[in-house]
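Same chain, two partners: chain A is paired with chain B first, then with chain C.
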Partner chain A sequence: MGLLSILRKLKSTPDQEVRILLLGLDNGGKTTLLKQLASEDISHITPTQGFNIKSVQSQGFKLNVWDIGGQRKIRPYWRNYFENTDLLIYVIDSADRKRFEETGQELAELLDEEKLSGVPVLIFANKQDLLTAAPASEIAEGLNLHTIRDRVWQIQPCSALTSEGVQDGMNWVCKSVNAKRK
Partner chain B sequence: MMLGFIYQFLHSSFLWFWMKWFLRQVTGKCELQRICHGYQPGAARTSRIENSLKSSKNKVLQDAVNVQEDAVESCVTHIMKEKQIKEQKDPKFKVNLRQCLVQISGYNALFLSVEEQRKEVFDSDNEAHEKMLLKLWDLLMPSVELESRITKQWGNIGFQGDDPKTDFRGMGMLGLVNLVFFSEKYTATARHVLSHANHPSLGYSYAIVGINLTEMAYSLLRSGALKPHFYNTVAGKPHIDHFHQLYCYLAYEFDKFWVEEKPASIMEFNIYREKFHDKVKGFLLEPEVSLVLKIESKNCPDD
Partner chain C sequence: MDGISSEVSSNDAVKIPESILLRDQARLEELERRRNAKESQTVSEEKISYFSAAFSAEKAAIEKLISSCTPNEHLAATTSLEVATNKIQDLQKFLNDSKVFLTKYELRQAQESLQKLQGSIAEKRAEVMPKKKFAFRSRTAGASQQLEVTPASTEEKPKANTGNSVVDSAVSAKQCGFSHAHNEVLIKNSEDIQHGDVLLSHLTNCKVRLYGSPNTLHIKNVKGCQILSGPVSSSVFIDECEDCTLVLACQQLRTHNTTSTQIYLHVTSRAIIEDCHGVSFAPFNWMYPKLEDDFQMSGLDSERNNWSQVDDFNWLATGTPSPNWTVIPESERISCWDAAEPKL
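Moving on, here comes the complex of A and B:
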């Protein structure tokens, strides 16, 4: 490919828009993750009533990330945001063992949704900075992730607070979206 | 409009220096004296004094905007000496300047104490914290007993899950203190607002929306946007209760706004929060602003 055609290609493909849904139980760290992705201050976060949305540029993509509140009362609204989703990020508080069952159920229900069929899913095993956090492998086992066969998936240990592991997860996101679009 | 433009131009240019010099020769007074003389106490005077001090080339005057409360007296003396102002010639000046500096330093001190309370994390092992949380329940739900400390019932006053402790997050104890303050000082009003929040279709989560409004109050304080409000409503040094009072105003007014606007669902919260935020910021641009809770008696007859 000559230089000119590369330039032409660059010019003709403005950032591709990607719709990402950020879901999980309340207090999982979705908003902290969203703000971390957008390089914003994370010290004054409050519980999400409704949703937040931010656009982040990454590796030639314009990621439109929808962070939907996780409290039980508004989970019925999640489905209103499923349409045209390119990728699902599911956030788990790795230190909140008492709610592993609940979070597993919610995830299983999401994976059963017709509108989300085949949509790649990244599971962030968040809060790895806490001493009591369960390792990602334990969570993967507990959630029976190995039984997922209808889509690509990945579990990524991270700390939205320190941002450790977040970039690795986002690299997987871009890779998966690329593969899906080809 | 035109005058404002000319004023802006003069103020931003070197001409301002000569303008002030000229005025000083004619009136025998410096800018600080002219402000104290020409404007009513409150934001009109204090904000102008603050701007004048900030843009001064004199280090003593510049530093005065960061003066500590206990150093106000000596700061006033210092400024008068620098500007060669004779107390006998303008006896009121000293009192007026002192009051402005008390308000200016008071605002900064208020932010520090609010920040301290925000940084205090809600801790279940802290008896005082736990007691305050239970008090919030009792104030809002006097006829319903809490079955246990960890229970779904917390959802009835708008927390997200079984244990409210995770909902305070970035606002820490400031969020809880605000909620309790409103319920304690304006009990009937708070319960009335809660009844709106629990409306099956128009409702919202009372407690976490409250914590969101604490964040709004906090960031308005931090940016300095609340200065005119406090300069107009508190003559001396503001107390942290004055901040909690402002929270009450926001909690009451937001509810009213929400009910009037009738959003399609709770998912629209952030859109209406921003609309409300803009409205409040608009009020704060008015020189006479005073965000004081005024309860319409038809809403809450017994408060």
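Moving on, here comes the complex of A and C:
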């Protein structure tokens, strides 16, 4: 099969909706990332109460991205959104070293969730535009990402503010969803 | 036959075929060679003179690009501004990569010129393309695949009631800011801050003045302090704060585990509180000579202040106001901070 026909096939398949969960601690930049994906204005973002949803078209997929608030009070509600998730995006504020441990714990708990077992995970090491941002490699080490064996994962440094690295992350998203569907 | 078996048993675990050993040695040599090559290259590149030459050349190119834009040639101007934006991003990256061998002064200088460039781009953009939409497009145009968008549904509120507490890890000392101080007057001038990330932690009975425009501000474990800060371009994050007076301007404010604290606030989007009691708000009213410049640098709209619209994550009932925060009555507001101003 040639490349063109593969592309055509992808395009014509109606079942190309992908459900993506966007999670992480508050102040990590989830909503900014979501708005950036949708090319919307990011200057008036407020702390998320509840959630935001956006559909984004990318590479023949319709990505339904669920951005759930990261405040401690609403984290217990994350689980209400786990079902039928195709991919998890976890956002970390790379400059907030004080909460690396907390964010690591939340991520570990997510990866232990039965409803999310085997779901690919993309970790955005966000806020790389800040001078004190930790490099992605340091975060990967701190979170012991190399011990993840039960799913595919990727860590991507990015700045949701300037959109740097965001596209690279989304390319990985499409790639791994594709691989999973085959 | 016998010879082989005896040899195997005598050396047992350590015997490795010679061909493998040779290959390993070759591999190590190759590694060493590459490392040497890399080192000699990086040494020449890491020279400060190399950095400043490359930086200023690139800076001049961007300046030229920006000044070449005129409102009459709309299309050309759009594309050159796009190119300039991308170039600034690359330059910032270059600066970040070079940070290890630059002195503080040079880093600051470079950061400053980058900010200037960003400012002049914004100015030019406003001049050439008055519509906001275009400005935004140019941000993402650099990406190879443009995402198409269908904004779908909106926001909804869950009924929250439970919570869990998690322990935070130790604080790194690498940031700009103050920690572990008692009964002191602490001042940062705008040269120290320079759009950096400021962290204030473990302070008791201190007076803190942050002149200039931080990129973000984190305040953690402070007690009985008076903290005044110039405009913060993104978010302020407060945790474990008690009996304090804070005077802040920012894009958004997140307040956690805070009690008996007054906040004089300028916030362009929204302030939230979580697990807080006795927090009271009033509008930002600190004045200092370069405040306006700092507002401009931060990108905050000085006209837009939502200080009185506070969301309480422990009080999601609509209609009834949260008991956890109040507005400071006008008669009780502190209006002059200079009286308490330490000498500079």
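Everything that follows uses one rule, which is that the second predicted complex is superposed on the first by the 168 of 182 C-alpha atoms of A that agree within 3 Å, B and C clash if a C-alpha of one lies under 4 Å from a C-alpha of the other, contacts with A are read in each partner's own complex, and residues count from 1 in each chain.
Note that in this section a residue touches a chain if its C-beta (ideal position, glycine included) is under 8 Å from a C-beta of that chain, and two chains touch if they have at least 3 such contacts.
These numbers come from a predicted model, not from an experiment.
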| item | value |
| --- | --- |
| Superposed partners chain B and chain C on chain A - clash or fit | clash |
| Chain A residues touched - chain C or chain B, whichever exceeds | C |
| Which of chain B and chain C A:S58 touches, first, second, both or neither | second |
| Touched partner set for A:V152, first chain B, second chain C, both or neither | neither |
| First (chain B), second (chain C), both or neither touched by A:A140 | neither |
| Touching partner for A:Q36 - first (chain B), second (chain C), both, neither | second |
| Which of chain B and chain C A:R72 touches, first, second, both or neither | both |
| Touching partner for A:F100 - first (chain B), second (chain C), both, neither | second |
| On chain A, positions contacted by chain B and by chain C | 26-27, 43-47, 49-52, 71-74, 77, 80 |
| Sites on chain B touched by chain A in the complex | 155, 160-161, 166-167, 169-171, 175, 204-205, 208-209, 211-212, 214-215, 218-219, 265-271, 273 |
| Chain C partner contacts - residues on chain A that touch it in the complex | 26-27, 36-41, 43-59, 64, 71-77, 80, 95-102, 105-106, 129-132, 161-164, 166-167, 170-171 |
| For the chain C and chain A complex, residues of the former touching the latter | 89, 92-93, 96, 99, 132, 136-137, 139-140, 142-145, 147-158, 160, 162-172, 174-175, 196-197, 199, 201, 215-216, 218, 220, 234-235, 237, 251-252, 254, 256, 268-270, 272, 274-275, 299, 311, 313-314, 316 |
| Residue numbers on chain A that touch chain B, as the complex places them | 26-27, 42-47, 49-52, 70-74, 77, 80 |
